[in-house]
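Note that the chains take the letters A, B, C and D in the order they are written out, and that residue 1 is the start of every chain.
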Amino acid sequence: MSEHSYTLRIACDDQPGIVATVASALASRGANIIESNQFWDRQTNQFFLRIATSTPENVSKAEIELMLNPAVDRFNMKLKIDDLSRRPKIIIMVSKFDHAMLHLLYQIKVGWLDAEVAAIVSNHEDARKIADQEGIPFHYWPVNKENKIEQEAKLADLIKETKSELVVLARYMQVLTNDLSSQFYGMIINIHHSFLPSFKGAKPYHQAYERGVKLIGATAHYVTPDLDEGPIIEQETERVSHAMSAEDFVATGRDIEARVLARGVKYHLEGRVMLNKNRTVVFTQ
Amino acid sequence: MSEHSYTLRIACDDQPGIVATVASALASRGANIIESNQFWDRQTNQFFLRIATSTPENVSKAEIELMLNPAVDRFNMKLKIDDLSRRPKIIIMVSKFDHAMLHLLYQIKVGWLDAEVAAIVSNHEDARKIADQEGIPFHYWPVNKENKIEQEAKLADLIKETKSELVVLARYMQVLTNDLSSQFYGMIINIHHSFLPSFKGAKPYHQAYERGVKLIGATAHYVTPDLDEGPIIEQETERVSHAMSAEDFVATGRDIEARVLARGVKYHLEGRVMLNKNRTVVFTQ
Amino acid sequence: MSEHSYTLRIACDDQPGIVATVASALASRGANIIESNQFWDRQTNQFFLRIATSTPENVSKAEIELMLNPAVDRFNMKLKIDDLSRRPKIIIMVSKFDHAMLHLLYQIKVGWLDAEVAAIVSNHEDARKIADQEGIPFHYWPVNKENKIEQEAKLADLIKETKSELVVLARYMQVLTNDLSSQFYGMIINIHHSFLPSFKGAKPYHQAYERGVKLIGATAHYVTPDLDEGPIIEQETERVSHAMSAEDFVATGRDIEARVLARGVKYHLEGRVMLNKNRTVVFTQ
Amino acid sequence: MSEHSYTLRIACDDQPGIVATVASALASRGANIIESNQFWDRQTNQFFLRIATSTPENVSKAEIELMLNPAVDRFNMKLKIDDLSRRPKIIIMVSKFDHAMLHLLYQIKVGWLDAEVAAIVSNHEDARKIADQEGIPFHYWPVNKENKIEQEAKLADLIKETKSELVVLARYMQVLTNDLSSQFYGMIINIHHSFLPSFKGAKPYHQAYERGVKLIGATAHYVTPDLDEGPIIEQETERVSHAMSAEDFVATGRDIEARVLARGVKYHLEGRVMLNKNRTVVFTQ
């Protein structure tokens, strides 16, 4: 079609007339609403709106911004517009366990995830082979106490150079510094291999085994300075039994981690996730 | 609050400007949108919209209809408005197994389901005791080949007299006639004790056992003349094992049936279900 | 049939010959094994065995014990034999929320749970009506700092007098003392309304809401002096969304709590749960 | 350890003394039982037993058979013994969709599945690249009406030559002939991309979409001459919504198919699946 598609994300205090104003502005230039989701948080009176719109060919992103300017002013909106036809760039970080990364790469290949992997970054060499096979730039940046800040500076540069919209920690086993976490808040997704807030920190499957839980899980969340405390995007659990060892938990967990992370990344890239303080609004289909 | 709440359900062919027009009409009289869901069926180009709105005290349902009249004409909309503060009346039909009915009654008691049970109708006497305890009118209408049409006529009268919005077949084991199913299409919800379209007809748990499935389920659907073929509202499955008998399936199934039916009824009463030919659009939270 | 059925539960250090010895002893008197489950904990070398056996009419429980005496001595076994035809007595404790209790009573009524409720004990009067309807003795024992030990002494007496095998805390909102928890360790099951170890303590659904989790859950566990730290018997989770309030979590949680507790109680009463230090072995079908 | 591990699978009519006899025979030569599962089908009086045993180094498979000979004769048992230390060989057949195959290969690589892929067979060239990368023999055997019997003869030869224990149809889109299905009954596992018995035959996700189901699923089953009617090994479902297209169902289904098939294959290779006429006994952990 000779049409453009954009997603609009709007957040502001709730008040009458927001949808009418926005929808009228869009309609005035022939934009059609393909999908629309909204949420009013009664507790905080915050209003969240996501609109996917199909606009005539000659309507640019700048024009949409212009159309919406009065609404932005009137309602004191935070507005974010993304061109749906862009291919968002992401950086994948990984250590030794590659299942979550491989699942992401596969979902990109079959088109379920629409993204371009600008780089794979690792503190180990293991992922280089895959990166080479897929033709993805690979950076081996080992991390220790002395060079962590230096390596993170390289990462920050890489994000900016590649114009990446998202960094995915696909079982990257290094803790990021507070500085980096803060600087790119809402742009880094981690997969934690437990059902948070249970079993924060290291070896969560072994913690889960010791506690004798009957379900294990995984959590995709935004990275914050507070480790394992970031806003949760997606979670899932699966049944385990007394007859399973901690290693069996690890094996079962691989599948959960891979698909929870992939969904979290998809929601983020499609603009379906909005931050609501330390929680998320996730507009799934 | 000195406000009224209404739900609007709108269905029409998709075209630009629907949301803008409706939202502007609502905003013009100070109505605030509390919740809004929409769906555009690309296959059929049908557009479905549900809006829950909070309006100033002095805005009546008739006025909302008046406000929306131009939109209805312009877009050739089907529009349905419900007063959210009304307590919708329902009729529960049951035979001998009472778990699904009891779950509905409990969910009404604790306020999760907002409804008034206008009557319990049964082809057996078993449910009379519960009805009496709860102060609900009970009708014992046994059914056989000879009197089925007559009994259904009484049911049709009861629906009209009580102004019931929904008939819930909570394990009512009689097949309704084509006439009644057609007359009240979209107003009768049945719980079928299998994951439809598997195991239509009688004794589905025994069919499931014979087939050796590893999951069993239940399906809440609108009743149509074609038995077990009506639009599906809600489904759920649960794991079973080779060590379970058909009777164990029945026992496991009770819980599934009860909660699937309760959710289906809740979605219907809150105006979250819209018919899309033989499928449903279900706007859950 | 003119047969008796017993369940045997055996725990000891693992070593060759246990099953052969036990099975041979049983076979020597014509006992048939109906169901058998075993688990060897590699970490601790503990061996757990549950056998459901059908024995000729004239073989008493005392005789089975006699038959197994040599095995008990040889392998230093802990052995527990239950007559499957007995109707185990339980005490249900409840505060104001009655959904978990009602679900237990219903499951007993339809025969899925085989138990007799010896008494309902509450620190409120609310459950008296149900107890009276069902013909179950009701004890209103309000609890405060001053009388807690006294009231627990009455409970301990009641357990002994009624020969109850299990106390079920079906949303009983008082913490038991360390003394009582220790005295009846492995005989008191609580339902905690979160996916433990997440959200211990009070108002777990509100904690879950504040944390922004995407799944909520419930946990049936044995009561220990350490609050919410007891061995977990059964858990389950269900999906929630950002659009749900803490009160919606509570409503969704009711169903989860009711069925998780019912399963935990069933497993316990059928002798399917064995304690493995702070974890459980649960031999489900 | 200087020990051997074997799995024994036993099926016979139920009668007292089976476990005692088998366990005593094993104990007589110092074999320890690591894991044991049994099931008595009350309907058919069939008894199923799986024992994983650890035996002293000098006890061969032939000796175990010898030890068990009297039991086999006495109880008219079908006995199957597998050396757990063997690496079972499998053949993977695939057409164009490679997600299920890739998941199997990954699970083998990380050791969750213990198997050696003797060959990948396809009616398309697409999988050759992966086969080459992994160093697995690849056979491109396109199939049409004229050559189907000839190609299947090659497959039968390949199974025998490679001594493969299992053929996995990992989205192989050709129907096998009755002859081949019968010849290798219980040795060929297919993944069907629906929750059988719903949506047999072609394009099940599109059938599911048309029917408007709220859950989709996948089924791993043994192949029989009756298409999609074979004994079910494993199933799983996942929630879908009205907003998802048939293509979205396909995408969601990929994950379900991959893990359901992997579990089915694992259960089979570990000797956890036993045929009970048209159903299966699956002894999971």
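One rule holds for everything that comes next: a residue touches a chain if its C-beta (ideal position, glycine included) is under 8 Å from a C-beta of that chain, and two chains touch if they have at least 3 such contacts.
The chain lineup, named per UniProt: A, B, C, D = Formyltetrahydrofolate deformylase.
Remember, it's a predicted structure, so these values are computed and weren't measured experimentally.
Undergrad: Contact counts by the stated rule: is the higher one at A-B or B-D?
TA: Here the pair linked by more C-beta pairs in contact is B-D.
Undergrad: Specify the chain most distant from chain A by Cα centroid.
TA: In terms of C-alpha centroids, the chain at the greatest distance from chain A is C.
Undergrad: Taking the mean of the C-alpha atoms as each chain's centre, how many Å separate chain A from chain B?
TA: About 36 Å, centre to centre.
Undergrad: If you average the Cα atoms of chain B and of chain D to get two centres, how far apart are those centres in Å?
TA: The answer is 42 Å.
Undergrad: Please list all residues of chain D that touch 2 or more other chains.
TA: 35, 241, 243
Undergrad: What does chain A use to touch chain D in their complex?
TA: 35, 99, 102, 106, 110, 112, 133, 241, 243-244, 248, 251, 254-255, 259, 285
Undergrad: Quick check: in the complex, which residue numbers of chain C touch chain D?
TA: Touch list, chain C to chain D: 14-21, 23-24, 26-27, 30-38, 40.
Undergrad: Looking at the complex, which residues from chain A come into contact with chain C?
TA: 39, 42-43, 195-199, 210-215, 217, 231-237, 241-243, 245, 276, 278-282
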